[in-house]
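Each structure below is given as structure tokens.
Both complexes below contain chain A, partnered by chain B and then by chain C.
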Partner chain A sequence: MTPEQIEIQLVACAVAAACALPGAFLILRKMAMMSDAISHAILPGIVVAFFLVGELHSPWLIVGAAIAGLATVVLVESISATRLVKEDAAIGLVFPVLFSVGVLLIARYAGDIHLDTDAVLTGELAFAPFDRLTVGGVDLGPKALVTMLAIGVANLVFILSFYKELKLATFDAGLAASLGFMPAALHYILMGLVSVTAVGAFDAVGSILVVALMIGPPACAYLLTDRMALMMVLSVGFGLLAAISGYWVAHWLDASIAGCMATVVGVVFLIVVALAPDRGLVSILRRQTRQRWAFAEKMLTIHLRQHEGLPEESRENRSAHLQEHLRWQADFAVDVVQRAVEDGFVVERGGFLFLTDAGRALASEAVVDA
Partner chain B sequence: MNAVDVRDLTVAYHEKPVLWDIDLEVPHGVLMAVVGPNGAGKTTLIKAILGLIKPAAGEVLVDGEPYHRQRDRVAYVPQRGSVDWDFPTNVLDVVTMGLYGRLGWIRRPKQEHRALALEALRKVDMESFAKRQISQLSGGQQQRVFLARALVQDADVYFMDEPFQGVDAVTERSIIELLRALRSAGKTVVVVHHDLQTVPEYFDQVLLLNVRRIASGPVDEVFTEENLRTTYGGRIGFMSLVRERSRAATPEAER
Partner chain C sequence: MIELLLTDYTIRTVALGAAILGCVSGALGTFAVLREQSLLGDAVSHAALPGIVIAYFVTGSKMSIVLMAGAGLFGALATGLVLSVTAQTRIKFDTALGIALSVFFGLGLVLLTFLQKRPDANQAGLETFLFGQAAALVVSDVVTMAIVGGLALLLVGVFWKEFKIASFDREFGRSLGLRMRIIEALLMFLFVVAIVIGLEAVGVVLMSALLIGPAAAARQWTDRLSLMFGIAALIGALSGVLGAVVSATASSLPTGPIIVLCAGVFVLVSLIGAPHRGLAWRWIRDWRNGRVLRMESVLLDLFALASQHERPDYPHEAAVLDLMANPIAGSTKSLKALEDRGLVTRVGESQWSLTQAGVARVRAILEGMSAGRRGDN
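The block that comes next holds the complex of A and B.
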């Protein structure tokens, strides 16, 4: 690997980790779409700040973006507070307008400088190593890396310090308020962090990937754990996975790095949805199948139990009879009997079925349960 | 001095009053029911008392002092449906949240706090569920977890928003036992309640509310047919309820 390749991956990792932390709270607060809104609506904030300071890499641009991000949140909340439209519609109303204002401002007044709309949407990670930060002649590395590390550390420090308060405010804002923890203030600080993270990240990777990295990794983590702390750690882990594998997919396909990272996020999420223990589709399917067989075996034992020792036993408790009596398909009945024999609930002798002690116990337990 | 004094409390959403000039005195050591039809402002009243909603006018005193100075003496049990039960956390963790107020900012709960939470879970018979993911609880179990979280706060005044909602008869029994135990320990409990039938049995004070205060005081004095009719506007058949009550109040020999 060349130094540039390593640096690109480091930038990608810093972006992914910094995005995953506030993103996990967006998922828990059911505000995933807010990341989409904020990552687009910060554009006019950046543009206006740029017009004011006249420099593209001033920290004031981040301040402008944070203000625009908070304005987005406030606008969305006040529109949905009128109860005339729902929150998702409010989001859909606010951010395209703000984003368009940003695009128009760029097109009208800043057409000749490096602030173009393509870069806004997809960014260009491949150029990150060429834009370096030097202080007093010492090269500190790519600017994007330094910025994203700083933002990531700020996110981490804030979340670690106020973990307890954030958890309470997210789970039960009412209790948080009654205990004096100011959930509204925490909410806006969190949204401010989302905005700052979005602006830092979108300079490097564009607004589409910001959304993918804020929502995808935490959404995967949410399916895999029942513990919030572990969810945060896993979110960062999935972010790093997407960053590095996305880079190599792009390398291999010779395609946009940001595009490949976003695609990897989607693929990873599909895999998690399918394979997650407990909540994954495969595990749900297997559970349903298992329950179906267990229920069928139970029905068989109950049926046998009911006629056990009675005159009609020889007629009822024949393997061949199950088909019409329990209304099972012939091959299904054979399968059930075979499973029940394997599980030791039933023994088959000369075409007749007899319960074992275990089978009898299962039958009576099932009847009591019902 | 009263446990809670509410004076001239008015709450409005967009100029429309949802609570109008409420005066309320809750004496120490009582179980008080707050009853009224849907939209009467019962939940709003509790939230306004706790400062979760900003009132348009009025004041709330807890033990003669403003609520924000008495925060650690007040516990709140919100409606069960007000939180996301799929949140990735377990029962013990939720109960420990009751201690966050005492911990203050930044400080984390320690082993001793988890021990207190476990103790509270024992009081509601949920000790064996401590490590259970909260999404796996039934409605009654969720309610008991919320109660344990309020118990662990070790407050003097408890506000509970419909703690009996959607719980089975056995759980309702054990919850009312718990509330009585709190009263015996000198605590004051204010409960938003829906089942008029059980008001005389469970509570000793009642507030009849419908945007305005219709009446409040000892159940014997204010839980009358006339007051109920004013509160509910004749929309439900209290006649049977009140007849039942008077029959229950009449000694066997007189019938």
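The block that comes next holds the complex of A and C.
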């Protein structure tokens, strides 16, 4: 690995970790699409700040962007507070309008300056190592790395210091408010962090990857755990995984790094959706199958117990009769009987079915439960 | 401006195209907004990017209909994935949307970088899908948009009842024996079609505003679905034409953003000015209610004071009424207004008393209050 490659990966990791932390709260608060809105709407903030200070690398651009991000949140909330428009529609209206303002300002007044709208969406991580931060002649590393590390640390410090308040405000805003935790203030600080993170990250990776890294890794983590702290750790882990493997996929395909990282996020998410224990599709499917068989076996034992020791037993408790009585398909009935025999609930003797003690217990338990 | 529209062939083409896409997306957006799936449009339009690139890869053609087919395929795929992941797992709708839009868009970027490396590549047109290039619309594009959009609207007309039920009460639809899943899938498909029509002109980022804006504006003017649908289509078409013409009047004004801003202005005007629902109406109503409430409370105060004495028109000091009144508004204005209505009358320099009409009004108010209390029980 060349030093550039290492640095690109470090930047990618810093971006991924910084995005995953506030992202976890976004998806729990059902505000995932706010990251999309904010990462687009910061454009006019950057442009206006650029017009005011006149240079592209001023930190004021980040301030302008963060203000635009917060303005997005405030606008969306005040529009949906009128209850004339639903919140999702408000989000979908505000950010294209703000983005349009940004695009128009650039097209009208900054056509000859390097403020490329494409770059806002796509970013170019490969250039990150060439824009370095030097203080007093000492090279501190790529500027994007320093910026994102600082933002990541700020996110971490905020989340650690207000962890319990954030948790409560996320899961029970009413209780948080009644205990005096000021969920509204926390909400705006969190949104401010999302804005700052989006600003710092979009310079390196573009706004679309910001969305992918803020939502994707926490969504994977959300499928794996019910514990907030673990979810945060897993989110960062998935973010780092996507960052590094995305980089190597891009290297191998010689394609856009941001694009590949986003794609890897998608692939990882699909794998988690399929395979997550308890909540993945495979385990849902297996659980449904298992429950179907368990239910059928229970039905069988109830049926047998119903007629046990009665005159009609010889007619009712035959394997062949199940199709008619329980309306089961022939091969399904055979399967159920076989499973019930294997599980020791039923024994079969000469075409007749008899309950074992375990089967009788299962049946009475089921009937009493019902 | 109108002159330009009538005389300039290019501008007429662009304006017509913008009108068609505004009309179709506004109309179909109505259902999305009512079904609280507004942001689905954003995800679909981003997800269409890889479809466009692949369509170009496979066919080498940049004809609208080919690219639309690719975009539509991927838009539908993304919609399907979002809806099934939301239905099957505990992932929420907004999370699924965010992942779909960013991942598909990322995939599109990867494919675009491949395309750029092809030596024969004449892919220059494809980037316009990011931000759209309405100014580049030619007659054949507009014809395609008109045919596809017309078919979509026709289908909406055919399945109007079904879509209406799907938007307001799907359980009722199920109980009628309608196949709601198929109906909803068709509605989704038409929604994707509407997005695909607009992509070339306004691009993936701004498309969502054209779906939501006209519908959100139209919602303020009516409570009837058919009217909302029509108004949304009209506002969408107007935004399109206005945007196309405005951007043609000056150089370096990209059409897509102007169209979006026009739609934004329509939304703003509707939110504020629409009768009954609009904010201006709400403010006026609140102000009126507040004034009536303050007047009535001063009237009641005066009555309460007078009832300590032998006659109901016993006069009292304005200063006393001020103390009893709303601390910010005071009683002066209310007393003046009441005097104008002949309900109170000034006695001497600073005292006020109820008139006969005033006493009658107080009794009517008290009657109303106790009737209301009885009603509560």
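Just so we're on the same page, the second predicted complex is superposed on the first by the 370 of 370 C-alpha atoms of A that agree within 3 Å, B and C clash if a C-alpha of one lies under 4 Å from a C-alpha of the other, contacts with A are read in each partner's own complex, and residues count from 1 in each chain.
As a convention for this text, a contact is a pair of C-beta atoms (placed from the backbone, for glycine too) under 8 Å apart; a residue touches a chain by one contact, two chains touch by 3 or more.
Please read these numbers as outputs of a predicted model, since none were measured by experiment.
*Asks:* When the two structures are overlaid on chain A, which partner does A:172 contact: first (chain B), second (chain C), both, or neither?
*Replies:* So A:172 only meets chain B here.
*Asks:* With both complexes overlaid on chain A, does A:260 touch chain B (first), chain C (second), both or neither?
*Replies:* second
*Asks:* Once chain A of both complexes is superposed, is A:222 in touch with chain B (first), chain C (second), both, or neither?
*Replies:* The answer is both, since A:222 touches chain B and chain C.
*Asks:* If you stack the two complexes on chain A, which partner ends up touching A:365: first (chain B), second (chain C), both, or neither?
*Replies:* neither
*Asks:* After lining up the shared chain so the two structures overlap, which partner does A:103 touch, if you call chain B first and chain C second: first, second, both or neither?
*Replies:* second
*Asks:* Quick one: classify A:131 as touching chain B (first), chain C (second), both or neither.
*Replies:* It touches nothing on chain B or chain C.
*Asks:* After lining up the shared chain so the two structures overlap, which partner does A:342 touch, if you call chain B first and chain C second: first, second, both or neither?
*Replies:* neither
*Asks:* For A:55, using the defined touch cut-off, is the partner it touches chain B, chain C, both, or neither? Pick first, second, both or neither.
*Replies:* neither
*Asks:* Tell me which of chain B and chain C touches more residues of chain A.
*Replies:* In the superposed model, C touches more residues of chain A.
*Asks:* In the overlaid three-chain picture, which partner chain does A:324 touch, first (chain B) or second (chain C), both, or neither?
*Replies:* neither
*Asks:* Name the residues of chain A shared by its contacts with chain B and its contacts with chain C.
*Replies:* 30, 222
*Asks:* Can you list the residues on chain A that touch chain C in the complex?
*Replies:* Checking each residue of chain A against chain C gives 27, 30-33, 35-36, 40, 79, 82, 84-86, 88-89, 91-93, 96-97, 99-101, 103-104, 107-108, 111, 117-118, 121-122, 208-209, 211-212, 214-216, 219, 222-223, 250, 253-256, 258-263, 265-266, 269, 273, 279-281, 284.
*Asks:* Can you list the chain B residues touching chain A in their complex?
*Replies:* Contacts found on chain B: 47, 50-52, 68, 71, 74, 76, 78, 82-84, 87-90, 94, 97, 100-101, 103, 105-109, 133, 135, 149.
*Asks:* Looking at the complex, which residues from chain A come into contact with chain B?
*Replies:* Touch residues, chain A against chain B: 28, 30, 161-165, 167-168, 170-172, 174-181, 222, 225-228, 230-231.
*Asks:* Report the residues of chain C in contact with chain A in the complex, numbered from low to high.
*Replies:* 33, 36-39, 41-42, 46, 85, 88-92, 94-95, 97-99, 101-110, 112-114, 117, 127, 130-131, 205-209, 211-213, 215-216, 219-220, 252-254, 256-258, 260-261, 264, 267, 271, 277-279
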